[in-house]
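By letter and in written order, the chains are A, B, C and D; residue numbering begins at 1 in each of them.
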Amino acid sequence: MSIASAYGLLGAVLVGLGLYGVVLQAEPLRRILAFNLLGGGIFLLFGVMARRGAGAGFSGDPVPQAIVITGIVVAFAATALAVHLLLRLQAARDEPVPPEEPRA
Amino acid sequence: MSGAWLLDGVLLLAVPAIALASLLSRRVLPALAAFVAYGLLLALVWMRLGAPDVALTEAAVGGGVTGVLLIGAAARLLMPAAAAPPGWPLRLLTALLCLGVTAGLAVAVLALPEPAPTLAPQAAEQLAATQLGNPVAGVLLAFRAIDTLLEAVVLVIAVIGIWGMAPDGAWGGRPGPVQPRLADGSVALLAMLLPPVGIVFGIYLAWVGADAPGGAFQGGSILAAMWILAWLAGLVRPPRIDSLALRLLVVAGPALFMLVGLAGFVVADGFMAYPAAWTKPVILLVEAALTLSIAVALCLLVAGWPMRRARA
Amino acid sequence: MAEFLLVMAACVLLSVLCGLARVLRGPKDADRMMAVQLVGSGSIAVLLLLASAFGDAAAVDVALCLALVAAFASVAFALGLRQGAGE
Amino acid sequence: MSVMLDLFSVLAVLGGCFFFVAGTLGLLRFPDTLSRLHALTKADNLGLGLIVLGLLPRAGSVLGGLKLVLAWALVLLAGAAVSQVIARLAGREGPAP
């Protein structure tokens, strides 16, 4: 088995672990965390494809590597949105009465 | 190379173990500690896969900035009293499902075609035309520039989405909670000493990105981390979100990228095509603007929505 | 020589990872922070050893990046603990 | 000359590795938080420091060597600041068990 395949299996395991957390974790923040663990596994699978495509003097196929870089940043944007929604929900629960409208 | 195999073996066992630790820990803080360590180890894995560009991104964004975002949220969220964990039939069923997914992926990984399909030769062939030395930068800013553009736009949209959560009266105010200025000597000192080094390093990464591992995302996220550090220590305040300069900074990168792309219709072969003689300067200009916009957007994504009523 | 450096890298990584048991056992949050701190400096050591073994200059940049990020995360952790775990 | 330098590298890296292992053992075996902190700082400062020292002759260029030293300096700086915080936290969380 090549190194790339071994890391591919690692990616598969991480996806399974992350999925378990996303489905079963009770707290939303823990779920977001598990979603990020899952994402790490999926990115790793891309990395394996890139590694297997090494050639032409490059240590890996640059196309999947570039896709993973954008993927990591987009995953962060989604995580940030989810986390702030969670915080906003809590703030909304804390003040059930909507704040008064500012007089124009 | 038995030494390399030894290292790989340790990594292959350690990463799932730490993911498991993060999932199973009872409290959220240990889970987050494990998550940050997971990000650091994944950076090592990416190095072993021959992808230093991704390793830099994973370390800075995946481990660092995401970890800090989650830690900040955990500190502010009141965790509800632990609900009863789901019963064992449900847990067993989920475990089987996840095992099935893992098994399916594992089979797919082992059955990948040989020789592997690759775009590396094409990238190598065309790289000379971009005058860049780093193939990943070539893909990000030339061959698949449209992906990078859309990705930069996603960041802008996420910022707008988070700002949109502002309560009615707070629109236009400063985003995020007020960070008390640290009285604590050592951390405040670190927050003052680290950013100068980090800013130089972030700009260095963005600058060498054309020819060596690095680039706009990596440099931008290090710059963002340094601002967030100063913010957490109470040394700087975010600007009001109705500040025109801030808004221009957020959109500068994607806007310039789009303009360059549209200019391609006139001076080159089509959308996102660069004129041959100007390829590298144009790419560097776009990359500089993107670095700045990405850094500002990441800071705003961590800071959050304006909470306090804005003073007119 | 490269082989020796790689074996040393594996040793450092293995030892640091054993330290991670502290993340689970605690008992205090301070202990957990220490374990993460140790993983940070251990990973940096591994990257520097890899860089030297393979003559790969990029690994040194990644190590510097990790050094900054680990410091950043530790500070955030400390401040988060002060705010959150206090009550 | 090159043999001497290689020998120096081997010894320093071995020493660094030893301090990492010792630091981990301390982190796992020492009875209370503050003495564990003591063990950790040895691994951070001495372990990484010796490894950097050992790799310096192999750095190739002055800039490469400076980067190695910078990585160590960053870890030292962060370690010093964070250790203070950890110690204070440990104190606040109550006396050692």
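Brief remarks on what is shown
Please note the rule applied: a residue touches a chain if its C-beta (ideal position, glycine included) is under 8 Å from a C-beta of that chain, and two chains touch if they have at least 3 such contacts.
Treat the numbers as computed from the prediction; the structure is a model and nothing was measured.
Most remote chain with respect to subunit B, judged by CA-atom centres, is D.
Note on interfaces B-C and A-B: more C-beta pairs are in contact across A-B.
Note: centroid distance subunit B to subunit C, computed from Cα atoms, is 19 Å. The mean-CA centres of subunit C and subunit D are about 10 angstrom from one another, to the nearest whole unit.
Remark: subunit B and subunit D have CA centroids separated by 28 Å (rounded to whole angstrom). Looking at subunit C, one finds that residues 4-5, 29, 33, 35, 40, 57, 61, 64, 68, 70-71, 75, 78, 81 touch two or more other chains. Subunit D has residues 70, 74, 77-78, 81-82, 85 in contact with two or more other chains.
Contact between chains, per the stated criterion, is found for A-B, B-C, B-D, C-D.
Those residues of subunit C whose C-beta lies close enough to touch subunit D in the complex are 1, 4-5, 8, 11-12, 15-16, 18-19, 21-22, 27-31, 33-35, 37-38, 40-42, 44-45, 48-49, 51-52, 55, 57, 60-61, 63-64, 67-68, 70-71, 74-75, 78, 81-82.
Note for the complex: subunit B touches subunit A at residues 4-5, 8, 11-12, 15-16, 19-20, 22-23, 28, 31-32, 35, 38-39, 42, 45-46, 48-51, 53-54, 57-58, 61-62, 65-66, 69-70, 73-74, 76-80, 82-83, 85-86, 90-91, 94-95, 97-99, 101-103, 105-106, 109-110, 112, 116-121, 123-125, 135-136, 138-140, 143-144, 147-148, 151, 154-155, 158, 161-162, 165, 167-169, 215, 217, 221, 294, 298, 301-302, 304-305, 307, 309. Of all residues in subunit D, those touching subunit C in their complex are 6, 9-10, 13-14, 16-17, 20-21, 23-24, 27-28, 33, 36-37, 40, 43-44, 47-48, 51-52, 55, 58-60, 64, 67-68, 70-71, 74-75, 77-79, 81-82, 85-87, 89-90, 93, 97.
Taken together, the subunit B residues at the contact with subunit C in this complex read 1-4, 6-7, 9-11, 14, 17-18, 21, 25, 29-30, 32-34, 36-37, 40-41, 43-44, 47, 52, 55-56, 59-60, 63-64, 67-68, 71-72, 74-76, 182, 187, 190-191, 194, 197-198, 201, 205, 208, 212-214, 218, 222, 225-226, 228-229, 232-233.
On the side of subunit D, the complex with subunit B involves touching residues 70, 74, 77-78, 80-82, 84-85, 88.
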